[in-house]
Structures are given as C-alpha cells and as structure tokens.
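Some structures are shown below for you to check.
You will see subunit A twice below: alongside subunit B first, and alongside subunit C after that.
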Partner chain A sequence: MNHKNIDNIIELSNELRWQIGDDFHDNLTESIYADAADIVKDSVQIENSQRRFRLDARIDKIVTSKTFGFPIMFLILGIVLWLTIIGANYPSSLLADILLDTIHPSLKSGAASIQMPWWLSGFLIDGVYLAVAWVIAVMLPPMAIFFPMFTLLEDFGYLPRVAFNLDNLFKKSGAHGKQALTMSMGFGCNAAGVVATRIIDSPRERLIAIITNNFSLCNGRWPTQILIATIFIGALVPSAVSSLAALLAVIGIALLGMVFMFAVSWVLSKTVLKGEVSTFNLELPPYRPPRFWKTIYTSLIDRTLIVLWRAVVFAAPAGAVIWLISNIYIGNESIAAWAIHSFDGFGFILGLNGVILLAYIVAIPANEIVIPTILMLTVLVTGISAGSGAGVMFELDSVNATADILKAGGWTLLTAINLMLFSLLHNPCSTTIYTIYKETKSIKWTVFASVMPVVLGFIVTFLVAQFWRLLA
Partner chain B sequence: MDAKLKSTCETCAHFNADGLKKLGIRTDNFDFVVALAGNPNTGKSTVFNALTGLRQHTGNWPGKTVTRAEGGFEYNNQKYKLVDLPGTYSLLSTSEDEEAARDFILFGKPNVTVIVVDANRLERNLNLVLQILEITDKAVLCLNLMDEAKRNNISIDQRTLSRDLGIPVVAASARYNEGIPELIHTISEVVNGTIICKPHRIKNVPENIEVAVKKLTTEIEKEFPNIPNSRWIAFRLLEGDAQIIKALKQGELV
Partner chain C sequence: MAYNPITALILFFVFSALLYVLFRPVKGWFWIFKKNVSSNEKIIIEDILKQLYHFENSGNKVDMKTLVQVLDFNNNRIVEAIKKMTINDLIYFESDVLKLTESGREYALRIVRVHRLWERYLADRTGFSKTEWHDRAELMEHQLSHDETEKLAAHLGNPKYDPHGDPIPTKTGKIAKVKGVELPLLSVNTVGRITHIEDEPEVIYKQILAENIHIGSLLRVIENNTTRIVFESEGEEFKLAPIVAANLTVAPIEKEVVLEDNIARLSGLKENETAKIIGISKESRGESRRRLLDLGFVKGADITIDLLNPLGEPHAYLIKGTSIALRKNQAAKILIKKN
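Let's turn to the complex of A and B:
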C-alpha cells in the first residue's frame, strides 16, 4: 500500500466531486430506486391489488383517529387490567393456600422436630422462605396474565399505533415520539423500558425518556395499586360496582403517571435539557395475527419467569432483613419498631406513616415486596395477633383480613390514596437505578433520576395530606 | 447418526435436521461469521431465533432490536457465528444504527450477509439490498413473511429475482420455521464457495456520475487489486464520507 497513491485517489475524488455537482446523493438514491423498480417489475406479481393493505388502513383509521384513538387505548388498557385483576384472584389464593398455609406450617414443624434453633428456623423459614413464597403467590398470577396479553398486543402490532396517538403529546412536551414505545415497555418493567430508550437517537431526548420512564407504573407496583384500591376505594361504593371503582382508581393512577411523564419531560426540555425536537419516521407495521400459543409460551418463559426470578432473588434477602430488624433489640425495642417510630412524624406530614416509609426503604431492591412488608410491620407495631409473630411475612386469606390489619394500623382513606400516589412517585428499584447508570454512564443523571421522583412524591403526598386535613 | 429414515425428505440435501445444532450464545471457535441485515420489522430477530435456538425478544414494531445480538449454530460440523444487526432502511445516512450496520458489514467482514426482506414490500426493501450488494459480494436474500405475501396475493418469481440480484434467494416464513432449513443450507453453500455470487451493481446511474465513478474505481483497483467493493468506495469518496476516507488511509478496507 502506497500512501501517496491513496492521497492521489482522495485528491481525484475531491476534484470529481466538484465536477459532478451537488445532487450526487439524490442522483444515486434515485438510481437505486430506479433499479429496484426494474427488478420488481420483472419478478413480482400482485393480483387483486392490495386488498389487505386496505383492511389495515381501515383499522388504522379507527384506532389512530382523533375521536376514537384515546378512548380505544384506555378501553384496551382497562380490559387488560380488568382481566388481570379478576383472573389473578383465584390462582393467587390457591398458591397462598399451598405455599403459606400448608407448606409453611409443615416446614416449621419439621424444623421443630429436628430441633433447629428458633433463630435459625425463624431466619430461614419465617424470613427467607415466607418472603419468597409471598412474592410468588402474589406476583406470579398477575404477571402470567398481564405479560402474555401485553405480548399479544405487541405481536399484533398495536404498540406503534399507541406511539402514533401519543406522538403529538410527546412533541409538545419537548420529547421524542418514540418515548411512547419505551413508556409502554415501562408498564411491564422500568429497567426494560430504560434499555428500550436506545431506539431514540438524540442523546437529549433519550435522557428525558430514561429519567421519566419511572412514571410508568411497573408490574411490581400494579399489585400494590390493585390491592389498596380494592380495599379502600372499592369500599366507598356499593359492592356491585366496587371492582369497577377500584379499576378506575388504578387507571387513574396510571394516567396520572403519564401526566407526570409529560410534565417532567416538558420541564426538563425547557430547562436543563433544552433542544430541538427531532423528527422521525414511524412505520405502522401491518397487523399480524399473533401466534397465540407460541406467544403465550415465550412470554411465560421469557418475561414472566425472568421477572419472577428477579423478584425472588431480591425477596429472599429482604425477608431475611425484615426478620432480623424485627428480632434484634436495642434496649427494649426492635430495630424495626424504633425506625417506624422515628419515621412516624415525617410520615404523618405526608399523610402516610412510619411503617410505609420503612417498607419503602426495605423494598428498594424490588417494589413487589412493599405490601407484605407493610403488613408485617403493621402487625409488629400494633401488636394485633393476626400474623404469626415478629418478622413473619404472611399472606391473609381474604382481602377483608388485610383491610382489618391496615385499619387497625390506623389507616384511613387518606393513607390509602397517598400510598397509591407514593407507589407511583418514588425512587426506581435498584435494578432500574443500576440500568440507568449503565445506559447513561453518568452518576449525576442516575442520582437525579433516582431522587427526583421521591421528591415529587413527598411534595404531592404532602399537598394532598394538607388539603385533605383542611377540608375534612 | 441413526440411519432410520422417517420420511423421504431426509434424503434431500435441503433437509438436514441432524446436521443442524443450535448453539445458543456459545459462539467460540466459529468457522464463519454470518451477518443478519434488513429493514426494520422484517423479522430479522425471528430468523435469528430460528437459527440459534435463542429466544431474543421479538415484537411487531420497527426498531425493536436495539442491541447487536450474537448467537451461534453448527451445521455439518462447521460452526457459524450469527450477528443480528439493527434494522435500517438505508446505509447512506449517518444515524447511529445505520453506521453500526454498515460498519459491521464493511469492517466485520462477515463470510456472508443474510439480508432479510419483507416479501410484501420488496421494492422498498430493495433499496437497502442494493446498497449492501455494493459493499459485499457474499450475500443471501431471505424473502421473509411469505405467508403474508400469499395472503396478499403477491407472487414472486424467485429465479428471476435471484438472477437479477446475482445472489441466492430463499423464501421463508420464519415465524412458522418455513424455509429455515433451506436458508441454512444456502448459507453453507455460499461460505463454502459452492455458490458464487455475482451481485447486482447499481445501474441507472446518470452518465456524468458513471464516468467519474469509473475513473475512481480504476484508480482504487490499481492500488487494491482484490477489493470487492471498489465501486462502493468510489461512491462514498464522491459523497465525501470522512470515515471512509480515514479507513482508506489506514488500510482498513482491504
């Protein structure tokens, strides 16, 4: 290889570039299209021209129309959630029966019969095992219903239509229209949503999408919303419509999350992340009938089991921690009781309580274990006898029993509403935080993305609590 | 191998179930590198999964594959590493995904590039195909989504297409695993030299540009006699592509 020759080649290319003028790029593109047209003319035959494309176009006209686009979106979301709420009930209580009411006592008696010391059986069976069993009983059924339905919609081709509907709103808030897609992924899992932002080219818009993804209620938080809404919101109306009221409350929280996503995106794009909105082509793919069983199978294996495994991995040590802080005493108070009492004042100002705040600290690794932690800690401080003693996470057979415990713990409608708000607005789980760091490679933005939602959560719950108390 | 035939299919060269081993993510000690390119949402990931036995997430929306996925398979005792490139409509602009795809085909030197196209939208997909054929001379066209094409009453003359493009064409419905055995077999024939590709080169180029390209190509071929994509490099030089100029200076293109 001769450097002088290469320089000559480049020299020649510079010269020729002047000669052929500046439509070179367009000319070349046109040549390619002309070639493509020639080739297709010889080898492709289309009969009965494009009948199915027209069907697709007709569906698109409805699902992306100004009038029906949004109602259809909410209807579909409502149906998916409805089926999840209704359908998850029975398998959940069945799993609870097996894992908690049958296996747990026999493990305990087995441990007693081999004379395992109380602290070891407590740590392993009441801490680690119960935490894992609870997560499986509560998480597996809704995920096994929600994920396949979501995947079916995805395979069918509905997601790009959602992006199309939301594009304008995102543009107005200074963000990229593809954020609608990453937002949808976030409804399944925020960590997955953060990774999915790679489809956004502009670093500015991608950062906005990463920071605000946490406002998509993730699947670890859906069960919390559903349970609390069922207990407290559903109880406000006659029982015939109570599950409808609960459903609307949950959808309301999900929508509020989207409102926050737009608002925060807008503020960011007007302040620290200023810039132009980039345009992009969004191809609406053809509707494809999903391969039903294959989709069910892969979404169960790939998504459900992977997310469940993650929950289990995080729940096991969390269960151990809960058991430990409930059973290690400093003076005559356990660490848990001490922490709860010291958080109570701050919790009251936010319309929450010390139990909830402690539960959110323990549950940083995984949002899924918030509710069991809250229940266990409530039993611990109120001293009521529904549970199985200090540091034992348990499942209550009926929603009513859960309600009794929470009410004994001093819960009101305000506590419930603020818990739902705080569940929406708090730091991302540790996996998501780590993913944000991996994607942004910036400690500054990782910290911002983690702290900003909690601060927002404090502000919102504080305001709601003050107004509530003023008016009540 | 147990030599008990279950059907006459097994005597056919295209049926080689015993010869295929899906290697999942084990891609060490491979003999060949296969790149998987194509427009967004043509089913590249589905083809990838069918070949490797991996279950990379697939979905019906463009741009779903954000990371370059790698997997492997073994066919007739030869190991292949398969690289799933991000879907692009073109290789002429400078967005990140297009550059990633182009760089891999150019510098990664895959032994064969499988271009997955949507049979329903062949004309639009050919834009990318024709660009790739300027860069590499070892390619296979995977005419995917044939089931949909059939429903849309689109029929494609594969022989004519194959002759016009100068590369083998395999019809497939990767979702139903149709055409995948043929695709694997064709890949192996290309990498082993049984099939020699004579890729189509862009024809309808205006006279003045063609003259300029000829001049440059001649010079480039004088310097690099065995280069397969001198014409494409000429195109890029005329475009003033800084990355290609740099690569040329550092001798990375040979």
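Let's turn to the complex of A and C:
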C-alpha cells in the first residue's frame, strides 16, 4: 500500500470521527449497560429476598435515625475502646512478667554462666531482645482484642452505616465518610489504619485518609498518655477525682487529634491535593451474621500478626541502637549523653527536653518503647540509681517511683503537657511510614506524611511553651 | 541573644508572616516572581495572537490601545513584541487596526487548541475545581509542544468540545460550530439545550456555577424581560439576570421533539417516590461518570430512596437491589423521570 492510500484512510477516519460527534463513546457505553440490564431483567429471577430485606431496612432505620444513630455509634466505639484498653491490661502484664521479668534475667544469667562478653550480651539481650519483647508485650494484646472486634463489626455490615451517618462531617473537610472507619482503625494501629484506607476508592480522599491517619492516637501511644496524665494532671486535683482528671486529659488529647485530622484534611484538599481525582459513592451492603471464627482467624493473621511482625522487624535494630548509643563513649561522654546535651537547647524552646527528643528519635520504630527509653536515658544523665544500667530500658511498677525519676530529670507540668501533645503530633512510627509507602507507592507522599505531623508538633509545643512561660 | 518567650514568639510570627507573604497561593511574592521571570517574549506574542483571534471572531476591531488594556504585561514589552510579530508576518496594520495574517491565525488556533484540550484534560482526568480550569490552561497553553499536544489529544480521544462547550480546533485548524444563540435572545416558551457556558469573566461564571446550571440540559424559557430571565430545567426553576444569562448559549429545539414534562434531577426525589433513570448529565465526567455507570445508574433503571441521612446528605438510593449512597451534587447530575 502506498503512502497516499494510508493518508486517505486516516483522513477519512478523522472525517468520520468528526461526524459521529463527541457523545458517541458515552452513548455506546450507556447502551451496553442498559442492554445488559435488560438481559438480566429477563433471565434472572429473584426470589424470597423480600422478607430478609425488610429486616435489613428496619435495622437501617434505627442505626441511621436522627435520634438513635449517633448515640449507638458512640456507644459501640466506646465499648470497643474500653474493652481494648481494659482487656489488654491482663495479658499485657502477664506477657511483661514472662518476657521482661522472667526470661530477660535468666537470659542474662545464662549469658554470664557461659561467660559471654558483657558487650555482646548487652547488645543482644539488653538491646535487641528487650526492645522486641517490650513491643510484643505492649502491642500484641490490644491488637489481638481490637482488630477482631472491629472486623466483626465490619463483617456484620455496621461500619458502612457509620460512614453513611458521618459523611457530611467529612465532606465539609474534603474527605470521605469512610475515613471515619480508617480513623477508628487508627486508634488500634496507624499502620492498620493506613492499610484500611483501601476501602476508599476515590484517589484524593484516600490520600487524605492516609496522610491524616497518624492523628488517631494509636495503641502504642495510649499507655504513654495515661501514665503521664496520671502523674502530672492527676496530681493537680484532689486525689478522689485524680484518675477521672487524668482520663479526661487523655480523652481531650484524642479529641484534639480528631480536630487536627479534620483541619489538616481540609487544608490538604484545598491545597496540595486539589488536583487529585475525587469520586464518591458508598455502598451499603446487606447485613449478615458475621462469620465468627473465620473473622477471628483472618483478623489475627492479616492484621495483627502482619503488623506485629513489621513492628518486631523494626524494633530489633532500634533496641540495638538504644543500647549502643548508651554504651559507646566519645571522650568521656556516651553518644546518648552527648546527643541529649546538644538537643537540650532546642528541647527547652519547645517546652520539652533533650531526653524526650532523643527518645522520640530512637523510638521511631515503635512508640511503645518511648517511656522505657525516656526513663533509662533520664537515669543515665542524672546519675540517680534506678533501673539496671546504661542501655537497659525499664519501667517501674509504681507510678510514684516513675514520677520521682521524671521530676529528678527536671520535668514540670509544662513538660508533661507538651510531651502529651508531642506524642500525638509527631512522625508516624517506621512501620506506618513503610506501610504508607507500600500503599501510595510514592516517596513524595510518604515523606510528606512523615514530616508534616512532626512540624505541626514543633509548632504546637513551641506556642504552648511560650504562652505558658509568659502567663505562668 | 538571651532567651525570652516574647522574643521567641515575635521571631516565630515574623518568620511565619514572611513565609505567608512569599508562598501564599497565587499572590505570594515567590509565585509572582516566578511568573515574571518565565513570562518571556513567546508568551507575550502568543497572548497577543490569542486576543486578536478572539476579537476578530466576535467581529471587533482592535487597536494598540485596547490591546495594551487587555493584556497584563509591561507596555514596552508589548510594543516590542508587536514589532517583532509584524516583521515575522504574524500580524499587520490596517490604518491603526491590528489584524492577523494567515499564518498568525494558524498560530493563534494552535494556542486555542492547546488551551481547550487542557481544559478538557483537567475536567476529565483530574479533580481540579471548575473555577481553576481556565487559569491553569492559560499557563499550559504556552508550554506544550506540538508533539505533546497531539499525544494529549489522542489520549483524550480527540474531543470535539472543551468542557464549557467551546469547539476544539483540530490539528488542521478545522473548528466545529457551536449551535445556538445567547439565552436572552430566546422568546418565552422556547425549548432548547444548553450548548455552551462561557467561563469569562470569572465573576459571572462563578454565579452560573453557584446556580448549578449544567451544560447539555434541556430548558424552557418561562419569562424573558430586561430585568430577569426565568427558565425551567430538569424540574427546577432558575432566575438569572440578563447579563449572566448572556453567558449561556442555548440551541433551540425543533417543535417535533416533545419535551418530557416530568424530567427531574435525582436530588429532587422525595421519600416513597419511585422513578426511572433517564441518563447522566454531561457535567458528570471521567472517573465519576464511569463509577456511576458501573454501579448501575443507567437509562431505564428503577430508583427509590432507601435511607435518608441524619445529617441531610448523602441519601442512600436503592438501585438494582443495592443500596448506594450519593452526595447531593452527584445526585443533581442524574436525570430521572418520576413515575
């Protein structure tokens, strides 16, 4: 075929396309869909779905009603969180008894009996083993309780109704109603919350949900909040109501996190994310009895164990680093002491201190080890006698003893409040960062999601510290 | 300097203010600086060509004075550019009126083509809001090379119109005609279809958007006088000032086509009413439109409200045995006929 022929054909095709018009593609698709619908209507018979459907409709009327919809929702979320926090205490302390108080000393004495060099046993047992054990003891029980309950609610079909009820609130900040679910999932674990954003199929809203998930106070941070609130906030009021005051303070921080979540979502959707495609729709699937055992199994395997495994993988090197910086000396100061002194100035401006900043740097892999690390480092720099030596993280059974160490480290009420704020507003743990990368496949968004909260944290603690010092 | 909370706060606020002044959207000094650096001669020339093209198309004559007023550049640079354009045979003077030469017109059409293609791209493939399309396309029209433009056109399926209903010139410079006349020229009771919504000036365009008027909608004029124009479309009544209405182009429809009376938007459906879907408005584009089709919002499907939302929206609609929640602005783009 010669060139002229080809040109003619192209010319003709252009001409024809011109004549067909712009609507051609749309009309074609729509008529295919419409034809398919007709075929289904003629050939598929639907039987007996009426009765079941009526029951569904009745449940829906109640859980989405103006009067009962919201109370039911808060009640269920409250119960789930309460069961998680209270219920996890027992297995957590049991695990801590076994892993930290029994196995750890016997490992140490075992190492001593085979005359392992002190640095090797320190590195392996006090560093790596202790960090991993700690993460498992604190993290495993709440996740093993929270995720199955959450998955059961999901399986039953209740969660989409929550998204339906709340969508209008989220729409105002440019987000998707389903972000209510990923946010709640974030209360269990941010990494799991980020994975859960897969249910949001609109690209822009999904990115918003991923980036703001860190504002949900996760399991690893609840214990820190509760401990610090008990020591410092609880002490402000008469002892009869001190635990109530501490609880309210922690709830206040969690609510503040939600405020930040909405505000940041709004800003994101108006600025950096405004060009991303946004589509909305929400399917309300029929209710069905949850498949109990299958749900328990999949939530344990898919959510709990995968997240735990990632945390362990990241915690092991963190433990090693913590031990090393406390035991390697440059001149006559350990790396840790040197770092703490150089962070002290910046920490002071933020109303924190060098110990806290260093603890948050080495504890990027797992928020669970922040408090043990802070205690160990405080002892290290103040030289008071507590704990079991440089680089060995510890926690005390008595809240009062913990308070004494922290106060010896120069802590004030301002330090405590800013620590609680910073614990809410700082970079996600490395498990979450890795998960964000896996889900977005974008270095840009991963870096943004990691750096933005910590910058926010600096700004908020800075402002609180300055106004505190001005007014106090 | 000794630490003092007040100095720290002052430093902080000065620093934040500085960042704000430099980087706030659009008016930040950094962006203005960047724009000035990049507004080179090519951009000025292309903007002049485009303006001349639009003026000539609407039958207006342009002299230097009007041109300088319309363009947002330094006067000396405009004069400089015009000199160069005359030498390169893009424009010529007829007494003091500026005119495009044949090759100038071709060049202008290429710019218009890129502009409208890019608006189409923004509408179909991104989430930018309608009010941003124009300004973004203004920047892009100077940046795309010939090959990139062709690739973009092929990628979008060689569209014929941009999202406002303006025709996109083809590679060879062919332009489809926009059918219809300005809305204020229609007499009462005329039935027509909106074929074009002008996006300049922005103030008026924003008013049209706020009214929720959709391109491609059928309408019937109810009242037309010098103070206002009232028309009915898709079960709702719209009242516009003539100056706003003039930005809508409407193609009258021949008498034989019967306008179905009870066409409405899904957003107007009440509880316990049933309806049949007639179609999805052209305003629903790209990914959203495909999603709706996937979910079964196709011509002929029966639809009712399944659940009302405690906060007002989104309502859940029962379609093909499934309950799907849609927000109000989406439901407004689905056309139904109530039973």
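As a convention for this text, the second predicted complex is superposed on the first by the 285 of 472 C-alpha atoms of A that agree within 3 Å, B and C clash if a C-alpha of one lies under 4 Å from a C-alpha of the other, contacts with A are read in each partner's own complex, and residues count from 1 in each chain.
Throughout what follows, a residue touches a chain if its C-beta (ideal position, glycine included) is under 8 Å from a C-beta of that chain, and two chains touch if they have at least 3 such contacts.
What you see is a predicted model; the values in this text were computed from it and never measured.
**Q** Quick check on the superposed pair: does A:291 touch subunit B, subunit C, both, or neither? Answer first, second, both or neither.
**A** first
**Q** Looking at A:199 after the superposition, I want to know if it touches subunit B, subunit C, both of them or none. Which is it: first, second, both, neither?
**A** first
**Q** A:16 contacts which: subunit B (first), subunit C (second), both, neither?
**A** After superposing on A, A:16 lies in contact with subunit B but is clear of subunit C.
**Q** Please work out whether A:301 is in contact with subunit B alone, subunit C alone, both, or neither, and reply first, second, both or neither.
**A** Touch partner of A:301: subunit B, not subunit C.
**Q** Quick one: classify A:154 as touching subunit B (first), subunit C (second), both or neither.
**A** first
**Q** Between subunit B and subunit C, whom does A:178 touch in the aligned arrangement: first, second, both, or neither?
**A** In the superposed model, A:178 contacts subunit B only, not subunit C.
**Q** Which partner chains sit in contact with A:37 here, subunit B, subunit C, both or neither? Use first/second/both/neither.
**A** After superposition on chain A, A:37 lies in contact with both partners, subunit B and subunit C.
**Q** In the superposed arrangement, which partner chain does A:45 touch: subunit B (first), subunit C (second), both, or neither?
**A** Only subunit B; A:45 stays clear of subunit C.
**Q** Figure out whether A:5 sits in contact with subunit B (first) or subunit C (second), or with both, or with neither.
**A** After superposing on A, A:5 lies in contact with subunit B but is clear of subunit C.
**Q** Return the residues of subunit A at which the contacts from subunit B and from subunit C coincide.
**A** 14, 17, 25, 29-31, 33-34, 37-38, 46, 201, 281-283, 285
**Q** Once bound in the complex, which stretches of subunit B touch subunit A?
**A** Residues 40-41, 55, 57-64, 66-67, 89, 92, 95-97, 120, 122-124, 126-127, 129-131, 148, 151-158, 160-161, 164-165, 175-176, 200, 202-206, 208-209, 212, 215-216, 219-220, 222-224, 234-235, 237-240, 245, 248-249, 251, 254 of subunit B touch subunit A in their complex.
**Q** Which part of subunit A faces subunit C closely enough to touch in the complex?
**A** For subunit A paired with subunit C, touching residues are 14, 17-18, 21-22, 25-26, 29-31, 33-34, 37-38, 46, 49, 57, 60-61, 64-66, 69-70, 164-169, 171, 177, 201, 203-204, 271, 274-285, 348-349, 462-463, 465-467, 469-470.
**Q** Could you list, by residue number, the parts of subunit C that touch subunit A in their complex?
**A** These residues of subunit C touch subunit A: 3, 5-6, 8-9, 12, 25, 125-129, 132, 157-161, 170, 174, 176, 279-280, 286-293, 295-296, 298-301, 306-314, 316, 320-327, 330.
**Q** What residues of subunit A sit close enough to touch subunit B in their complex?
**A** Contact set of subunit A toward subunit B: 1-3, 5-6, 8-10, 12-14, 16-17, 19-20, 24-25, 27-40, 42-48, 50-53, 151, 154-157, 159-160, 163, 178, 181, 195-196, 198-199, 201, 281-283, 285-286, 288, 291, 298, 301-302.
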